[in-house]
Amino acid sequence: MTLPNEDLLQIYEYMLLTRAVDDRIDLLFKQGKIEGVSFSSLGHEAIAVGAAWALGPDDVVAPLHRDLGAYLVRGITPRQVLAQFLGRRTALSRGRDGNTHGMGDLNLGILGYVSPLPDQLPLTLGAAMAFWVRQEPRVALAFFGDGSSSEGAAHETLNLASVLKAPAVFICENNQFAYSTPTKKQFAIENLADRAAGYGIPGVVVDGNDVLAVYDVVHKAVERARRGEGPTLIEAKTMRMRGHAAHDDAFYVPQELLAAWREKDPIRRFEAALRQQGLLSDELAEEIASRVAAAVDDATTFAEKSPFPEGREALEGVFCDV
Amino acid sequence: MTLPNEDLLQIYEYMLLTRAVDDRIDLLFKQGKIEGVSFSSLGHEAIAVGAAWALGPDDVVAPLHRDLGAYLVRGITPRQVLAQFLGRRTALSRGRDGNTHGMGDLNLGILGYVSPLPDQLPLTLGAAMAFWVRQEPRVALAFFGDGSSSEGAAHETLNLASVLKAPAVFICENNQFAYSTPTKKQFAIENLADRAAGYGIPGVVVDGNDVLAVYDVVHKAVERARRGEGPTLIEAKTMRMRGHAAHDDAFYVPQELLAAWREKDPIRRFEAALRQQGLLSDELAEEIASRVAAAVDDATTFAEKSPFPEGREALEGVFCDV
Amino acid sequence: MEVTYLEAIHQALEEEMHRDERVFLLGEDIGVYGGAFKVTQGLLETFGPRRVIDTPMCEIAIVGSAIGSAMMGMRPVAEIQFADFMACAFDQIVNVAGTSFYRWRAAVPIVIRAPSGGGVRAGPFHSQNPEAWFCHAPGLRVVVPATAYDAKGLLKSAIRDPNPVIFLENKYLYRRIKEDIPTDDYVVPFGQAAVRRKGSDLSLLAYGAMVHEALAAAEVLEQEGIDAEVLDLRTLVPLDEETVLASARKTGKVVITHEASRTAGFGAELAALIAERAFDYLDGPVLRVTAPDTPVPYSPPLEDFFRPDAAKIAEAARRLAAY
Amino acid sequence: MEVTYLEAIHQALEEEMHRDERVFLLGEDIGVYGGAFKVTQGLLETFGPRRVIDTPMCEIAIVGSAIGSAMMGMRPVAEIQFADFMACAFDQIVNVAGTSFYRWRAAVPIVIRAPSGGGVRAGPFHSQNPEAWFCHAPGLRVVVPATAYDAKGLLKSAIRDPNPVIFLENKYLYRRIKEDIPTDDYVVPFGQAAVRRKGSDLSLLAYGAMVHEALAAAEVLEQEGIDAEVLDLRTLVPLDEETVLASARKTGKVVITHEASRTAGFGAELAALIAERAFDYLDGPVLRVTAPDTPVPYSPPLEDFFRPDAAKIAEAARRLAAY
């Protein structure tokens, strides 16, 4: 798969934007402006952006707490993201849910997630099932973590999806830890992708810090699903580069491990490749960087100026009445 | 593994007893004496008896609704079984639970099961975990069905057991159907044992109609667990020879399939082998058969003469007070 | 046409599937077998395997995928083989289905049907009445039909409702009650209790199978000169508070009954509602006739003791009438 | 020694693990990390990896294996990282833990600890108050400590109890309250409510964090000449019915408060109990001050509106006092 140059530059910009928004979230949290918890997507840019890029406009995605890039690629704006983290009325959840939780928009084909993990897996299977029932050539893609791979919901979903040959793709972001728990305490195997064999579906391991590699395997899996050949389980290996959430200093993560992964930074790597191919000049890099910076500043201003919801709004819209 | 002749004859007798009790249950149901539902173990004698035979006296077993043989081998009497099906006060559940549900006895190392399947898997893991915490050389063995292999509880248990290297053995009775649902609608693979690879544990397929083969693989798995090397997933292939429960005529099961499996009847097969080895004469066979028949008649009389509980007893013992 | 409660449910499914192609069914053994109670019998043949999906045993995935498909415009009706097994999908029901519309405006028009209730010697795990749990989970509708007419009309409302609906069928009633119901399309709206019997001395509040026990109790009481009003709540969420309060205010004496165990059952909510908003009109304590706080026992004498019935309701009503 | 609510819980765990080697802990991130709230910090170092087990994410297996180990003579204390995720293990809790002793005499001495409650901007899935669900599941004890003293003494009782105990810690209180507690071993028995403030005009019934709001309300009310009695229920199952009824009978006016949403919450059970058994003594309607029937919203103005507090309790009490 070779993507047009234009796509490559857009992917690059989305990765930068993802990181810039993430850094801003981190800053806002440190400034005490974000209440509760705050999750970072640092290190996950290649997986989220690369995977989302592989979807068609009518496909559906269920991103998780480290998939900021996927939300952005699918059209959620930095304004909406920061308003969400700041609990404002202008956010997609109108202040009802925090950080990326419940940051869904059906018009954009994005399923919001709930905290119990990995509940977006059966949800995504359901979306795929709708396409399967209606025989539409659409695909649903879900992200989940190494941690939530141990949950019963993961198994039930993978099994039912494989029996139905539902047009779904499941991408497990193995970032070495579930909160403080390293993978070796989570499962007694090397590659989670190997579980695919237990469902009779393809399992693929991919370097989660190589955005084009991610794009590639996801694209293949999406097209396979679209052809009616059923789901694929992809395991993207990466590293969670901040603590579990902003309050967590991740003392339990060996420094050498972090240092080694820092060398593999997905953005620096992709940038180097683009430069080597002559696609990215210093000027263009600067232009993109300043566009990204402006977007994040604009989003910050927007979010901070956005009103909080009023208390009474809490009562509205528990039930849908149309 | 060669078992002493004495063991072989006892195994044979337990298999016969299992079938005789099962036939009696079927009869009592048809006579309208068993209320609610009634499950049959027909065809599962080799799995239940063979597996239970492989356990040591301090080991623990969690049998299911088709594992009558395991209850009997571990020391639950035909009297207790029939009293249970008839809802009498003399039953292990004192009429509180029906058929094999809740037919446990901790003194015999038998965990009673609940209806939601496969909840005896985490329960069994817990027993194994107790042995693991206390570093006792004891093993816990659980049965589950092809149907309940699709449940989240199965996955969580197999995974946690394998991470802890808990001294547990999981034996999946693949009897081709979960209620009316054939295996091909349940999973997209041939052998459920192949899922073991996804947990980093051994997976073994065994002919579930060959009692010595079952004994053998379970025995190996038990000893492996006892040595601290962790769990094994065994898949015993067999066929459910009656309907899902007594009310079900199993119209959805192809007659040819049943006929083919009838040829492989586990008792007839084992009997033929014993005769061929010269271990079972006509006289001995008759002696055993009449002992079995007497036990079942005695149990029937006992159960039918046993009092029902009184209504008010329903209120007793919701909480333990010692 | 005289149909059973079970046939009424079957008709609602079949008619809604004809009316709206977004409606599809999923669950264990609902296709080839026609469902553990045969509610869906024949629907696979009529609508094919993409609209009547036999799933493996996986309650989490059944409910979760129903929700996801609803977000994509479908109208799934998921069957949980017994209401007792809803516990396996509890997280999906309360955390995903119940909150998505509130949190991010994703409507979840699903129906989760499940046979509940006892009296059929089915023991602790095929007899439960979990309605109170779901009433305490914001965002869910909870429907508990007592008659064949209502079972059909309420199920149609449930399928057409844009919210997640817990539809608890009472398995004791499946084949035990029969009535003439219209052949034309009709719905029974949510939130409207039915006054099954008018009366002036006291109010019996019931739902599901207990409506019939309450009516039987009322007949007995009538012989004794006690004129009982019998309300069938039909839906617990939304609850028809006005009809409940009007009856309580009129008679001043209320007996609440349900099959579920007592503590923190839905009867408590009814009693609390009345103790708050009909207080001035009460002429006696608000009584509850419920199952005790035990699992549902199997053996006939135990289950008979456990399960509320007309005699137990009449006994409480007598005490209250004499108050 | 002055300790926080959180430290009190930590002490109970540590002391019980020293006292009884059958006690062990399992849960997510409880070992190396010391728990999401650091309740179990240091226990791995003291007791080693076979008594403080870091599990993968698997609530079903955590609870289910705790039950199985208890049947083999252990005294497991399982942590569910947030009470909201108990929904994932709901079947294990209600169907397995709650019924095994009743059905086949297998006692299940487990404790399931979980941080519950809101007020910390944690949104819909890290703020829930699921107590009523468990109160409606026969065979479970439900414990809801409000003070550091009680948190320790009740947790010790929980660990020593031969039954499954749902131990709902209130995360708002973890580090916000402190008190002197004895250094000697003590337990707080189940089923004994504490009268936190004596009063004659009306009764405020509360548990968990709401006890402190009720006490704050009582102070305000005192200024206004209203003398409120404040009860801390401590355990919901078993419930100290006598103390509740005695207070209701004495004051004749009752306000019930809880953080959980209103419909079919435990407040309903309390109101029902009072409406039945203290009816003759009531001088006004039984009021409930609870969260509304919505998920727990995240944004501060929404959550403040949602969550009951002293002002809302005082307001209801004033209305009732004037009745």
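Which chain is which? They are A, B, C and D, in the order written, and residues in each are numbered from 1.
The working rule: a residue touches a chain if its C-beta (ideal position, glycine included) is under 8 Å from a C-beta of that chain, and two chains touch if they have at least 3 such contacts.
Note that the structure is predicted; figures quoted are calculated from it, not measured.
Engineer: State which chains count as neighbours of chain B and simultaneously of chain C.
Structural biologist: Joint contacts, listed by label: A, D.
Engineer: With chain centres defined as C-alpha means, what is the inter-centre distance between chain A and chain B in Å?
Structural biologist: 45
Engineer: From the mean C-alpha coordinate of chain B to that of chain D, what's the distance rounded to whole Å?
Structural biologist: The mean C-alpha positions of chain B and chain D differ by 40 Å.
Engineer: Could you put a whole-Å number on the gap between the CA centroids of chain A and chain D?
Structural biologist: 36
Engineer: Could you check chain C for residues that touch two or more other chains and list them?
Structural biologist: 56, 58-60, 84-85, 87-88, 91, 95, 99, 102-103, 124-125, 138-139, 293-295
Engineer: Would you mind listing the residues of chain A that make contact with two or more other chains?
Structural biologist: Expected reply: 93, 96-97, 101-102, 114-116, 150-153, 156, 159-160, 163, 185-187, 318.
Engineer: Name the shape of the chain contact graph, picking from line, ring, star, complete and other.
Structural biologist: complete
Engineer: State the interface residues of chain B toward chain D in the complex, per the touch definition above.
Structural biologist: Listed in rising order, the residues are 60, 92-93, 96-97, 101-106, 111-112, 114-116, 119, 121-135, 140, 152-153, 156-157, 159-160, 163-164, 317-322.
Engineer: Can you tell me which positions in chain D touch chain A when the two form their complex?
Structural biologist: 28-29, 32-33, 36, 54, 56-60, 82, 84-85, 87-88, 120-126, 292-295, 297-306
Engineer: So in the complex, which bits of chain D are touching chain C?
Structural biologist: Result: residues 84-85, 87-88, 90-91, 94-95, 98-99, 102-103, 124-125, 132-133, 135-136, 138-139, 237, 239, 260-261, 263-272, 274-277, 279-280, 282, 284-288, 293-295 of chain D touch chain C.
Engineer: Considering only the defined contacts, which chain B positions touch chain A in the complex?
Structural biologist: 150-156, 159-160, 162-163, 165, 185-189, 194-195, 197-201, 230
Engineer: In their shared complex, at which residues does chain D touch chain B?
Structural biologist: Checking each residue of chain D against chain B gives 24, 26, 50-51, 53, 55-56, 58-74, 76, 91-92, 95-96, 99-107, 109, 138-139, 141, 162-163.
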